[in-house]
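For reference, chains read A, B, C and D in written order, and residue numbers begin at 1 within each chain.
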Amino acid sequence: MPHLLLIQCPDERGLIYKITAVLHAHGLNIERNDEFVEREDNVFFMRTELAGEVAAETLLAELRAALPPAATIRLTGNRKKNVVLLVTKEHHCLSELLVRHAFGELNATILAVISNHEVLGELTRRFDLPFHYLPHEGRSRAAHEAEVLALLAAYAPDYVVLAKYMRILSPEFVAPWANRIINIHHSFLPAFVGASPYAQAYARGVKLIGATAHFVNEQLDQGPIIAQNVLPVNHTQCTRDLAQAGRDVEKITLARALKLVLDEQVFVHRNKTIIFD
Amino acid sequence: MPHLLLIQCPDERGLIYKITAVLHAHGLNIERNDEFVEREDNVFFMRTELAGEVAAETLLAELRAALPPAATIRLTGNRKKNVVLLVTKEHHCLSELLVRHAFGELNATILAVISNHEVLGELTRRFDLPFHYLPHEGRSRAAHEAEVLALLAAYAPDYVVLAKYMRILSPEFVAPWANRIINIHHSFLPAFVGASPYAQAYARGVKLIGATAHFVNEQLDQGPIIAQNVLPVNHTQCTRDLAQAGRDVEKITLARALKLVLDEQVFVHRNKTIIFD
Amino acid sequence: MPHLLLIQCPDERGLIYKITAVLHAHGLNIERNDEFVEREDNVFFMRTELAGEVAAETLLAELRAALPPAATIRLTGNRKKNVVLLVTKEHHCLSELLVRHAFGELNATILAVISNHEVLGELTRRFDLPFHYLPHEGRSRAAHEAEVLALLAAYAPDYVVLAKYMRILSPEFVAPWANRIINIHHSFLPAFVGASPYAQAYARGVKLIGATAHFVNEQLDQGPIIAQNVLPVNHTQCTRDLAQAGRDVEKITLARALKLVLDEQVFVHRNKTIIFD
Amino acid sequence: MPHLLLIQCPDERGLIYKITAVLHAHGLNIERNDEFVEREDNVFFMRTELAGEVAAETLLAELRAALPPAATIRLTGNRKKNVVLLVTKEHHCLSELLVRHAFGELNATILAVISNHEVLGELTRRFDLPFHYLPHEGRSRAAHEAEVLALLAAYAPDYVVLAKYMRILSPEFVAPWANRIINIHHSFLPAFVGASPYAQAYARGVKLIGATAHFVNEQLDQGPIIAQNVLPVNHTQCTRDLAQAGRDVEKITLARALKLVLDEQVFVHRNKTIIFD
């Protein structure tokens, strides 16, 4: 697998020239290159797949010298990332990820599954992965979150995946993991505010059920969108059928989003994503 | 084209038997039959395509005698419906309907186009249809709506199509046309409240742009949904591109919804549709 | 779960009346009813969900008396069906079905998995299901098929699912299971004849990869289509990526087709399906 | 609108560096840049949107000096292209293009419409465009093609669009316009060989109807694919309904393909397209 160079910086004339001059001097070949300039804020994004012997330290030093001081530069061997999954009771997203993991299709190592309920322990153990049951009952939110955070700190994954984790996370929980937590939730056109969204969707007779995968930031469900998808539904489907369609589209959408993130194809700028796919 | 029998009534045992007994006695053949029972309110819906000589008056009288008093029974020769289009400045939905109309693909006669702006007059006249310019400037909302309503009353269409009519309709306007006005508007997952929804969608980096076609009732954009669709978008598309995608999906979705309504495939119950397609 | 009445017979005037008269006399209520008349051959299809006490024997006798002699009439308690899966080396379809089965989402009992390779045994055993390894090497086709048929006869499933079983079945194998074997395979627009279809699809730069689920009859891949789906692809995806997209769309399409069949929503007429969904 | 630089050449180390060095020396800014390397043949593709004063002649000379001799280099002001449409009797693709053209949404000037039938003359004249009726009856294929080619030569468009032109073109016709003729046709999964494909699709009960837009080369329907799309269909739709679905998906797919070509987002390599969208 080639090395990846990921650059995000204020746009200015000659950036690509300066970057490729450094790469050229290092004798590196560009296997694939994607660039994008966000025009509103004039931000430059570049993702480059490199072939050749990489002298990482000097390469990074030369790039830093060539680029504006505000540049974010990452050089990675595109190593497999580590992830920890947080779940509650619904299996559909967890199943999808465990199966893909078992057959080497995830481009990630699942280190562990953490849950506030016991019910998905059996499924997790079928795939020989550690399952941590951290009940929230009888604990304050802060105490429970501290337990989860401690476990996350011990595993130190690259990303945390909320594979239907039905607890609202406090800003204190999210802060150290900003844009490293990926969440999935159902989405509707139009949106339904309040409880029982599927019952509301049924009452309105919606014809599409959707899902949105996104990074989590301080505003829980308002972070940068990574992937969205919809499935058609109709009037013969009861509230329970709509919820099943919701689960089917959620698992596909989460798997797709995770693949994009794990393959380092996603940049975040303000509250949106730049995706090179 | 066969006759259509459309029945909506409280569900009770033996409804289909009673109805088909009447049809059988009349020597009518059922070419296609769709039924559905809405379980929450126990409402029965039936749409039947009939072949044979229909003695409409006695048939309806016998059906009324056989069915619960609250039944709504319609018998139609599936004649071509008449429609009037209301538009403002955007052409995409109007163009789509004018072209389909010109080639006999709409199953409706467009009687006229009414607009609060002049700009779409030229397009309408290319297709030899009357265009009425009723400016809203310098008039009260009530006065303007009275003018439009008077024109609608003169044309007496079966349906009014808001093909991007950018005026908010008062409940007084809507009341006499309840569930006979069809509207189209863009839709997002998640929804964006307030002004400039495409700019908001851009800022959030949405990956899908959708459209919803619905009947208009007292709550303007909250009426029963007829059709929904989405198109994929990505980060390279600016706010203007997203708006273009929105127009493309709007015209397809409106044409689809209109076809369902004009072919009498849509029932309305409370705030949702039952669609036999 | 209600009883299901499934009727397929030559169309004639008054069929629905005659059928519902019998149901009415039995005091049964129709919960949902779908009918369709295939106009080319004048064949009538009806699927009825019934509520109430069903006296199966007399009901069937009375229906037989009321309907044309050529009628096929089935009355079922909508019991869970039994299935046996045939697989070779690819896991994606098997995984999807095992997970859905484990969580009670399949509306079927998987009795066993049979394979001509050993590789998927581990996955199957994770879900505590019997796995039969019947190697084809060193055996004639006839001998190998006889072994598989014997095992199928022992399990006596309602349906056999070819979840990526990469052996061509002889007409002799298929005959006793006609329209009870369900197969999945990739599909392209346009189609590619011959070996390495994904390499051909890559060379032509296709933009969509599809899958078709169908019943198997004498002409292996030419049986009645149950479900089809596509996923978008682009020029950056190599032959291997196209094959991955093919696997993703295959598993979704097979699961969808299987659900339709297991819920008794599929009729077969000549070489096509009538699907009440 | 910015200038566009389009390069296609054998891949070698340092290409991007060499190109951007020239652009940098000219004081040009890269607004958007897409690159792709086709790995099988090691071909490099680059599409660059440039801002700044372009000294075209010297810029091209310097790029030619810097790049391998086999390089194809095009520099364009992204000017509006000219197109001529060839049609027969079906209006759906023509209508779609005429409407988009009338409202400035096509990024092209339609110079004329040529047809071997008279029927679409009225529609074309509604949009004030020249319509040339060149009947093929009573003429040899060679004579008829010579007439069409003469007219094309007179108009000298950038692209010829076969918007449902139902004549098979000879290799002699195609040769001078290779990869500058765009065609649209229906597509099925699986494909149906021979006459009446919609009747065959009906007999097989297909669940999707598709369309493929492609460049025309010597093998008429086998040229590089630009865009593909599908629409869902079901058993209630007769052969005529399937054909209507085919028309709907054809017009959307052709419009999409044309937009990609007119915006210079499409490269052709061997028999496939590289599309930067």
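Here, a contact is a pair of C-beta atoms (placed from the backbone, for glycine too) under 8 Å apart; a residue touches a chain by one contact, two chains touch by 3 or more.
Just so it is clear, the model here is predicted, and its values are computed rather than measured.
Rotation angle relating subunit C to subunit D: 180°, from a CA superposition, given to the nearest 5. Across the two interfaces under comparison, A-B and A-C, the one joined by more C-beta contacts turns out to be A-B. Most remote chain with respect to subunit A, judged by CA-atom centres, is B. Remark: subunit A and subunit B have CA centroids separated by 40 Å (rounded to whole angstrom). Note on chain placement: the centre of subunit A and the centre of subunit C lie 36 Å apart, centres being C-alpha means. Within subunit C, contacts with two or more other chains are made by residues 32, 36, 236.
In the complex of the two chains, the subunit A residues touching subunit B come out as 36, 39, 187-191, 202-208, 210, 212, 221-222, 224-230, 234-236, 238, 270-275. Only residues 32, 91-92, 95-96, 99, 102-103, 105, 123, 126-127, 236, 244, 252, 277 of subunit B touch subunit D when the two sit together in their complex.
Residue ranges on subunit C touching subunit B, taken from their complex, read 13-17, 20-21, 23-24, 27, 29-37, 232.
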